[in-house]
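In what comes next, chain A is part of two complexes: it sits with chain B in the first one and with chain C in the second one.
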Partner chain A sequence: MSGHVKNMCPQLTISQAARTLLSLLLVAAIDSVSAGVVCRKQPCGSSLQRSLKLTKLIHKESVDLLKTYKLSQGDMSELFCQMSINNVPDPNISGLDPSERMLSIYSHCKAFLPHLKRVTEQQTDLQPPSSSLLSKLSTAHNRTNGLANQINCIYQTLFPNLPIPPEPVDGPTSVPPSQNVFQQKVYGCVVLKRFKEFLSRVTRELRTLKSQVCTRRTPFADTNALF
Partner chain B sequence: MPSLFFCILLLGLGVTESQASGLAPPQQVRLDADKETQTLSVTWEDGHASTFDVEILRTELMEMVLNETVGVTENQSTGKHQWNWTSPVPLECTSLSVKVRSRDGQDVSEWSSQQILPGLDLPDNTDSQMYPEGKTVPVGSNMTFCCIVEEGQQFGSLWYKDTLMKENMLSRRTYATTMTNQGSSNPSGTNVVCSNEKKMIIAGAVVFVGYPPLPSDLVCETHDLISVDCQWSKGRDTYLFGMTRQTYYTLNGRNCPKARNSNMRCGLEQWDGNWTLVARNLLGEFRLTDAAELGHRVRPVAPVNLTTPEVYSWNASVGWLWKDKGFERLSLICQVQRTSHLNSSTQTYTGYGLNTVVLKDLQPDEKYSVKVRCGSQKNFWKWGEWSFPLSFQTKMDRPVAPDIWLWMDSDNLGRVLWKPLTKSESHGQISGYEVILWSPEENSQQTLTLPQSVYSLPINVTDRGSKVTVTVTAQNPAGASLPANVVIPRYLLDAEDTAISKVAFNGSGFPLSWVAHANASCGYVVDWYNTSCTQDCNVEWTRVAADNTNTMVQSGNFFAGVRYTFSVYACSSESTVLLERWHGYMQELVPSRTVPRLSPKQEGADVQLTWDQIPLEHQGGFILGYTVYLTNASHLTLLANITDPQLTNHTVKNLVLGSYKFTVKAYTAAGEDGGATVSISLEPYTYWLIMEILVALGTMTCLLIVITIACYRKRKWVKKAFYPEIPEPKLPGDWGITQGTLDVKPSPHSMVHIVEDSVWDSSKEALVTVPEEDEEGTGDEAADTDEPASLRYYNQVVEEGSSSQRRPHASDSSASSTGSMDSGHTDVTYTGIQTSACSLAPFQPQPDASQCVGGGGYRPQMQSASCPEEPQTGPEEHLQPPVGSFGGYQPQCSWKPDSPEADGDGLDQACLGSPTSVTSSQFLLPYDTSEEGKEHPSSASTWFHNLLTGKP
Partner chain C sequence: MLSLLCLMLFVPRVFSSSTLAGIFPQDPALRMGSSLTATCTVSPERGLHANTMYWTMNGKRLPSSTYDLLSPNCLSVTLHHLNGSQQQSGDNLVCHSGDGHVLAGSCLYVGMPPEKPVNLTCWSRNTKDLSCKWTPGGRGETFIKTKYTLKYKLRWYGRERECEDYSTGQRYTCYIPRDLALFTPYEIWVEASNQLGTATSDVITLDILDVVTTDPPDNVHVSRVGELEDQLTVHWGSPPALKDFLFQAKYQIRYRLEDSTEWKVVDDVGNQTSCRLAGLRAGTVYFVQVRCNPVGIYGSRKAGIWSDWSHPSAASTPHSERLQSGSCEPKPGEQNSTLRRELKQFFGWVRKHAYGCSGMSIKLYDQWRVWLQKSHKTRNQVDSIRR
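After this line comes the complex of A and B, so read on.
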């Protein structure tokens, strides 16, 4: 039957193959568009080192950002960060193997982005336009987005057979609904505090991953090839 | 029982009252709360009265909040009564119970059913909360905050900013505090927080305290004769930020979205003539108005497209365009600002629809930048904006005549100098200079062309006559300048003809004034230069008008400590005459060098110091004199202050012998220099030395004369002391007495040995004749003797020490050598006979003292009776007198022939004697027994003692 078909419709077979190829290309294009990232192939060590440097930079800036934030929130703001707020991403990085932990870093970066954006919006209504807090918040948001993209590229390079799930592995942390001004202040403080802690952990994690993954690049690649 | 009665009575009274009034209680009481404004609205029906009693309680604690009688009219359309109450405490804080009754005078109805406005502290609302949140209130207002504590927690404290507040309990979970007279808050608002007993924040609120807007100075104008542009001042800060709290502006009802921060302006498309600005925020609004006619508020926009249709050397025209045609029909006043590298100036022009102006008094070959702004000439309001600048360059023109001068080095040699033309003088790039030397007497002319970088020319006016005129012209592409002439002045040294004065710098320059000269038709020239300069000096000059006889010489080239010579010349077409000359310092300094060639010269007890004058370039100021110091270590003692600077020597008088150090310092008005120091050591004078020698010689002569006289007068004593008569020994037989040295030549077969034996034995002490062959056993001293030694007896005094020193060390080679030498002649010398006996003793056993003590008779060779006890003692000790004493004259130790003890073979013979003759120069005096144990004086000292004491 198949021979018949083959004999009867050779052009159709060719067109199906072309269609399949076209579909694959479309899927790949859509996937790259959805990722929004153009990854350059770089050695494992240099790409991780680059991300590590960026993480250190963001972490250093996050320390200053938190300090600036507290200074601009008025009296007693030092105690705001001690209050408990729900739905703020947990700074801990989860996962057992490097791929899971790297995925956790990526999803955390993505999870923090809307919160940073929300804090920026809230503080825009509480600070004069010339406030340095607003520019620092904006910078932190952009750099974190860049870090997430870098982690994404590293993950794709190191673990090409492991797709990145669309949803964060640690579960979504939606931005809070409307808050009063005091709640906004507390929320921002908690977000920035956890953000700082997360970056500290990422710094350690990337350092560990660099020593683990990049020195055992081939075994991991082979392992991933099994999946 | 009484209480029951009381209750019944009250019930009865109540029934009686309600029944008596007949007022129906309000029905359908309803509560509506506006929590934002903290307003409680109470409505009820069926109250036919116009006065009602309202009672509000906190439900939980039943505390009275309000009990008030209010007048409320019935709403005719709805038939309801409505009464509003604003609570000082947020309505969320706790539940409120409200009841109403009608009142008609003293008659009241029954209370309505109690209505409860539930608070947020109900048990089903377990979270911690704080109210009000996010309110905006004016500065100075009072505000009550309440904290609802989470179920299960204990209240801790309430804080307003960083102030701990006093709380008030409203319910089981609610606590309130009131802040009065609130101050302005920061942009993010004022925090009010509530903490639990663990001092953890459990809830908080933010309040924004600020001001309503208060803008001012609304001014509207037109830039294009059509539209309106209004501006105003922001005024007092509202302290309120954010989308909801910031101030919003409207102009004539239209929003002004661009009015932000400090840019307080808003525009309208058409000129209305009246404008109202409304500024509004959450705390209130403020209105500003302005009204004006269009022609009175014209502020033109900047002209555009500036051009320069015509540009010349000294003027140019500038034109521009108007974007709005309306300005072409308006009388305008315009300012044109032109800027060159020299200066900036603004000129004003007017005209109907002005769009072109002519700029005058420009500089040739100069770059200019111009910009224009205009205003309405009629009903001028404000200048418009400056246009963009336009740059252009004027054309070149002939340069101005250079400023020339002549500086003569000598009678015939000098330099023609001219100042470089400035940008404003050259009128273009200078291409060169032309110099003409013209002598009318000789009718000769010499023309030289020099490049633009040369500003001087050496000249030689030899054989050119007494009057030589120099002419210099500058040239640029536009042509040559007018000629500049000067007649060569006569060369004058400082010392010639003209007196030189001093001129002082007064802070800005050197003020010079002189007597007017009759022939100064072209004014005066003042030149100056560094006085110490001798060749190719930098000469500067300035010109002074003929009617002026003073000037202030100013230059940026004056330096402190440099002397300048100023000369003023009268200038005419016929001659140049020197009128006066000055020297001056911009600032006098101490001399930079000390006086040179400082030298001292001794003149007896005086010292003359001479030095040279400090070179002019190192004087630093006018030398006022010199100070002479005597330097003692670091201390200077002023010796003289020489106030005549020409005097360069000083004599320091009446110095005693010794070393001196002198310091000479020159001083100016600024002080002394470091000082030159010179040292001199005063030596004794020659005639003093001669005198000292003469005195010494005279003294010696006198002393000799005295001694001679004394000796002459005491000559008998002297003879007796020095040459006592020796009694002749009485010997049996005929002994011929021979004078002088007795040479005894021993037999060739025998030698005389001086037998030394410290053990004095007179029986053995003798000169022993030793056979010649025994000589070898005596030692080396005899080996060198070729001839038989002869015994010689010298009448000679030999120093005792020399022999006595040698003898104890006869075993030494030196002693042997001495012995050998002595044995050359086998001389026997009576030397210190009495003592030598003792000195020879150490090598012999200690003799018995009794053996040494001889009798008191004449014993010319008597052996010393004493023998030294210690052989190690020095030679002096060997001079100690013998233990025994000689009672009488003891010329010498006794000599006994055939002494059995005289058979020793050494030279250390205790006593030498001759059986034939003894000639002694030694005092042969007995020892004083009383001197026993003391150091025995020498024979010379004894003699001297006797001489002094006059003893014979």
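After this line comes the complex of A and C, so read on.
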């Protein structure tokens, strides 16, 4: 929802009750929108649980993704993955308190997206069209985007008084410039290896966050929820 | 010459701040059987001497006898009689420092220029679309990424168009979903290209109506002919498309014993939608399939292309009573004759005395038995048929 209503039937009279309902819905939508993401208020525990399940799924798939990637590049790929490359997000989650760590998860998810996209573009040229690698990369990108949105919503629900996470800027420095094929192979392996390690850390982190911020005695989410 | 090459490569712009080494040539495309000399040049800043470096190709260390030390910073390797690339993303030719670290890499694309694609054939499903398949003309082109473009145009007018959908799941096929003219010949061909060359197939000319296939018949039902031990009757429905675009269908049936892989084909079925199979073995389960050929589409006299076979249907012929009474020992795989006699008597009694059980019969029992066998045993057989 974007808060913008189109009047599809100009001759239709909207009743007062309908107008009131519409106004309430608009307020709710505007209040929960952040950079195009609409958050439905959910109990803390179930939101984090859902995100945890999604993270576990993406992590599991990332193991297979990395394996498929290496098989597609030919022998000696293991060494490629250990080379150092600038600008590829590191897998570590930073921050001292839950809000900072959640923000770190969100920004890391967003930071990996352009790299996953770049790897997909490069491998599209290198692999046969029937390669399963391409669909797995696309799935990883979509699911990570979904996870980022979920984390964003949870963050806003748990910490409504803190600034909304900013959208990372997709600048020219976020992904490397054009590379030769060997560099592309190395780059892709480094990205996917770090991506896999990051997801492993997110899994552990979400478990910890769930126990820290979603307890029965201190319903953190309830006291901070708008509804 | 190679020393000069190493010196030419030794310019700051070649080396990024992260990799202070480079290989020449980068990502070359080469013919199978040819030779290649590649050079690895390191920046002096790395403090490495080239005589400590080594080469690998696809993870396999190359013998030092193929190396040539061109300068303290430059080591070359010469490869002869190159084989086709192991993967389409290219063979990994990598230069290492003595401790195994990767200094630089180059991906080799070794293959052959394409030969002209062959065996181009096309078919239309119910005149609505066109699918085409072909075979690469040579093997060498399969080692590197080779692009195939199916092109078509109306024979006497119209512009050249390209097929866009290559994602039908099978390689070397393309699918044109719509906007095809009828009663007008098309010219169709395939162009192949890769980094080493191009090739074009022969042009085939066809009218869509000459290459039409249709869906297999549905509702294929096989049943007994009374108590006749050696016969089964097969009924099926005509393809729905028959009504849409006016053709006469002719059919073909094939059948086999449950435990056999050999099919018998009945060719002279004509345009009937039923057929009686005779000369069968008593007390035996048979699998039956039917397929359809659209003949005379929109008045054409030509036959079309046979459809796929329908899903198998099964039924059993009645057991021979005479054989049972004469045999001393039951043959392996046959029903227990005493059981069947008693079942028949029981079903006869049920029909008379139990309200609403008029459909009870040994035939129903046989159908149940067929269904049971199908569900337990025939799954793999169906898959192998479909393959």
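The criterion applied here is as follows: the second predicted complex is superposed on the first by the 173 of 227 C-alpha atoms of A that agree within 3 Å, B and C clash if a C-alpha of one lies under 4 Å from a C-alpha of the other, contacts with A are read in each partner's own complex, and residues count from 1 in each chain.
Basically, contacts are C-beta pairs under 8 Å (C-beta built on N, C-alpha and C of every residue); 3 or more make two chains touch, one makes a residue touch a chain.
Just so we're clear, the structure is a prediction, and the values are computed from it rather than from any experiment.
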Could you classify chain B and chain C on chain A, in the superposed arrangement, as clash or fit?
clash
Of the two partner chains, chain B (first) and chain C (second), which one does A:Gly74 touch, if any: first, second, both, or neither?
both
According to the stated criteria, A:Asn86 is in contact with first (chain B), second (chain C), both, or neither; which is it?
second
Just chain B (first), just chain C (second), both, or neither: which does A:Val181 touch?
both
Just checking: does A:Pro129 make contact with chain B only, chain C only, both, or neither of them? Give me first, second, both or neither.
both
Can you check which stretch of chain C gets into chain B in the overlay, out of 253-261, 271-279, 307-315 or 379-387?
271-279
Please identify the positions on chain A that touch both chain B and chain C, taking each partner from its own complex.
72-77, 79-80, 83, 123, 126-129, 180-182, 185-186
Contact set on chain C toward chain A in their complex:
18, 23, 26-27, 56, 58-60, 86-92, 94, 100, 102, 104-107, 145, 166-167, 169, 171
So, in the complex, the side of chain A touching chain B is made of residues 72-77, 79-80, 82-83, 123, 125-129, 131, 180-182, 185-186
Considering only the defined contacts, which chain A positions touch chain C in the complex?
72-77, 79-80, 83-86, 123, 126-130, 180-183, 185-186
Once bound in the complex, which stretches of chain B touch chain A?
130, 133-134, 159, 161-162, 185-191, 193, 200-201, 203-206, 241-244, 260-261
